[in-house]
Amino acid sequence: MKVKDKNELATLQKAVLEANLLLYNSKLALHTWGNVSAISKDRSYYVIKPSGIPYEKMQFSDMVAVDLENNVLESELNPSSDTPTHSLIYKADHRISAIVHTHSPFAVSWAQAGKEIPALGTTHADNFFGAIPCTDSLTDEQINGEYEHNTGLVILDHFRKNQLDFIATPGVLVKEHGPFCWSDKSAIDAVKLAMTFEEIAKMAFYTKLMNPLQNQANPVLQRKHYNRKHGKNAYYGQKK
Amino acid sequence: MKVKDKNELATLQKAVLEANLLLYNSKLALHTWGNVSAISKDRSYYVIKPSGIPYEKMQFSDMVAVDLENNVLESELNPSSDTPTHSLIYKADHRISAIVHTHSPFAVSWAQAGKEIPALGTTHADNFFGAIPCTDSLTDEQINGEYEHNTGLVILDHFRKNQLDFIATPGVLVKEHGPFCWSDKSAIDAVKLAMTFEEIAKMAFYTKLMNPLQNQANPVLQRKHYNRKHGKNAYYGQKK
Amino acid sequence: MKVKDKNELATLQKAVLEANLLLYNSKLALHTWGNVSAISKDRSYYVIKPSGIPYEKMQFSDMVAVDLENNVLESELNPSSDTPTHSLIYKADHRISAIVHTHSPFAVSWAQAGKEIPALGTTHADNFFGAIPCTDSLTDEQINGEYEHNTGLVILDHFRKNQLDFIATPGVLVKEHGPFCWSDKSAIDAVKLAMTFEEIAKMAFYTKLMNPLQNQANPVLQRKHYNRKHGKNAYYGQKK
Amino acid sequence: MKVKDKNELATLQKAVLEANLLLYNSKLALHTWGNVSAISKDRSYYVIKPSGIPYEKMQFSDMVAVDLENNVLESELNPSSDTPTHSLIYKADHRISAIVHTHSPFAVSWAQAGKEIPALGTTHADNFFGAIPCTDSLTDEQINGEYEHNTGLVILDHFRKNQLDFIATPGVLVKEHGPFCWSDKSAIDAVKLAMTFEEIAKMAFYTKLMNPLQNQANPVLQRKHYNRKHGKNAYYGQKK
């Protein structure tokens, strides 16, 4: 019993369950695939989907609380096997409050093709500043070692080397694997972004088949659309 | 309080809400994307979806009344950020009574590819006379200036330069952005056309992958089908 | 009032309505597109969907009775504009008891590409003996003349020239237009075949993208599968 | 009346009906296509879908009990025409407890293209160890002889020649025909695998269109993911 504020825990568990169900009902994953987590206010622990439990049967109390060193704090269930990847992403940027991993088919296909998703139009630019990156492969040693931890490291390395900001680029493709994305708002918001990620991946796939030479939309147009929705001069939506 | 006929306003708001919900339920846009507007009889104002409000939560009274200079007449909500584009299209042709913007994936992909949708068969020709055009890019100055107004200008320029009629060609792709279409009948009719637009975009995508050399259906066949449904000798449907 | 047996008429109208609704609910056509008809036992008239009426609003009594010369026998509504095409197909083979026209996207795309659908596997061969043919284009004179009648003629010509049997090949693509198919059983059976037609068109599209050199499955395999379901030695299904 | 344990029979019939309905509702087959079977504990008989009966009308008591020589033990209905293929697969490996055949479109398209599905990423590797194989064609003699029995032989030959294990490779494409897969757990589990099979086939199709040179994911990564879910050191899911 290492989580003190049981109310916050239950609230987080309910939010994480709701977000996992949205993931499943939006067809971003089959069976028991995919997972959503969300972190506590003081960032001392986060709550994540249990491993291998069917979405239809999950109760909010099944959501597993783990600390950032991957220790289970509260639960008799195993957390998602991708837990160490989540931990590293939370540690990489303190603004990140929820993380999603899916097996949505177009995003996975870009990852399997080993290609970043180019920013080909305003639907993309409204949500991601620049291409959605694709990591390098893990080395054989990384795969045979602490695999899920090393998956996180490969993501972090990619962002560091390419000087990417985790909020402006709130998602990534892990090569030969699939998409991860995150939100600085909430678990539900992170799943909505995963839906957007798949829609963008689909549109980019169709666009490249129609016009293989198209590499990116005008960067001025990309910046305009990104700033319309994000940052201090954003004017999309209602005053808060 | 600048709209006098409150009954007409409420009727328009209800029609615009219903049309927006059809857009969303027909999966022409995710989340808060896309928008529908419809103009009043005297064309002194039109009613448009508010910016960034989830479709599931919209009430008819949330639909924003604006004049053709983009001034909000009645509402505490911001109108769609695409409002200035709608205004210019309404001013371009007094027959247009409703306008729709979607992010439907096949239409967006043609826009991202920067290509017009060729009229490859009768499904297209029943609804659009000739190709669905794709505009030029906006210049960097146009993007950094009054962007949404300039988006409308680029559409109008394209129709003027190519001598296109807004009723025979009731839709357009804005390059690297997506589709706009309109109706001389009603908001619901405009959304039905947006569904058709996406269906045509999908069929043209498949056709070009199968036969890249196919550029357009026989123009005599196109004219036959367009005239079967439109104009004074139309014989599709029931006597009015 | 030229139909004597009002009971048969009502029964046919109900069957045709039900089949039209299956077409629409199976997403083989949007809006008011597509149509189903079925012929009376003595082949003196058939019943067809009215032109341009939304599927959601159709009543069985709206289904229009016409004779094989395209005269409306019973109804104040106009029959489908494709009626003369149906008449010619019914006259071409007295075994045909129901006809369907759809705008299903993969089938339309093959028609727009101007290509027959090759028999690439057993799913195809279970239902169609050999490729699904694609007609020649109509001439400009044929288009500007009695267009829908001439559409039927082009189909009949294609079957005659290629010595195709209407039951072994129960469907066709009209070039730059779309699919027609028919059944010797019932209106519902014809719509189920239209669903199969679209599924086969989809599979053939994917197959050709993966392997452009694949032209047809082994003809011995095709014959085996066709005969498993059709003809006197068929052994699929239950004893009748 | 050759089945003694009527309780086991009824339990199997209910499980096989439920699995067949999941197949149909998951859109892995249209109309009466596809079939699921499951074998009794002592492997003296198995229960399979009847031939050509609509899924909507099937009762659990319609599921046909047959022995491994394809003799009907209990039922007035004909079993699926693919029964002899099932029998051979059950005889090939005593661990197999349920078998599924579908007409899911992406899997069928790979079979029609005559190509194995390469293991392009972790979604594949989580479920199949290595590529999903595609058999050789049947010879004309095999087709004209005991066709369904010979379909089973061609599968068995392929596994034997390529030293494939039926549990590590729980599925196959029959060339120019379509997918079969199986489970060592249950009928429902076999249908869930058929859903996975189709998802993998779809992703591989998209991946190869994007990057035709991609032939397989890193074999070390494949082995890691397969072993994460299968075998004695598996750590995905909950302790049993």
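Which chain is which? They are A, B, C and D, in the order written, and residues in each are numbered from 1.
By our rule, a contact is a pair of C-beta atoms (placed from the backbone, for glycine too) under 8 Å apart; a residue touches a chain by one contact, two chains touch by 3 or more.
What you see is a predicted model, and the numbers here were worked out from it, not measured in a lab.
Chemist: Touching both chain C and chain D, which chains are there?
Modeler: none
Chemist: If you fit chain A onto chain D using only Cα atoms, how far does it have to rotate, to the nearest 5°?
Modeler: 90
Chemist: Please state whether the interface between chain B and chain C is built from the same residues or different ones, using more than half shared residue numbers as the mark of same.
Modeler: Mostly different residues.
Chemist: Please work out the Cα centroid separation of chain B and chain C, and write it as a whole number of Å.
Modeler: 33
Chemist: How many angstrom lie between the CA centroids of chain A and chain C, rounded to a whole number?
Modeler: Taking the average C-alpha coordinate of chain A and of chain C, the gap between them is 47 Å.
Chemist: On chain A, where are the residues touching two or more other chains?
Modeler: 209 - these are the residues of chain A that touch more than one other chain.
Chemist: Just say which it is for the chain contacts: an open line, a closed ring, a star, complete, or other.
Modeler: Chain contacts: single closed ring, each chain with exactly two partners.
Chemist: Which pairs of chains touch each other?
Modeler: A-B, A-D, B-C, C-D
Chemist: Which chain B residues qualify as touching chain C in the complex?
Modeler: That would be residues 120-123, 192, 195-196, 199, 202-204, 206-207, 209-211, 214, 217-218, 220-221, 224, 228, 235-239 of chain B.
Chemist: Flag every residue of chain C that touches chain B in the complex, lowest number first.
Modeler: Per the touch definition, chain C meets chain B at residues 30-33, 50-53, 77-78, 81, 103, 105-106, 108-115, 137-138, 140, 143-144, 147, 176-178, 205, 208-209.
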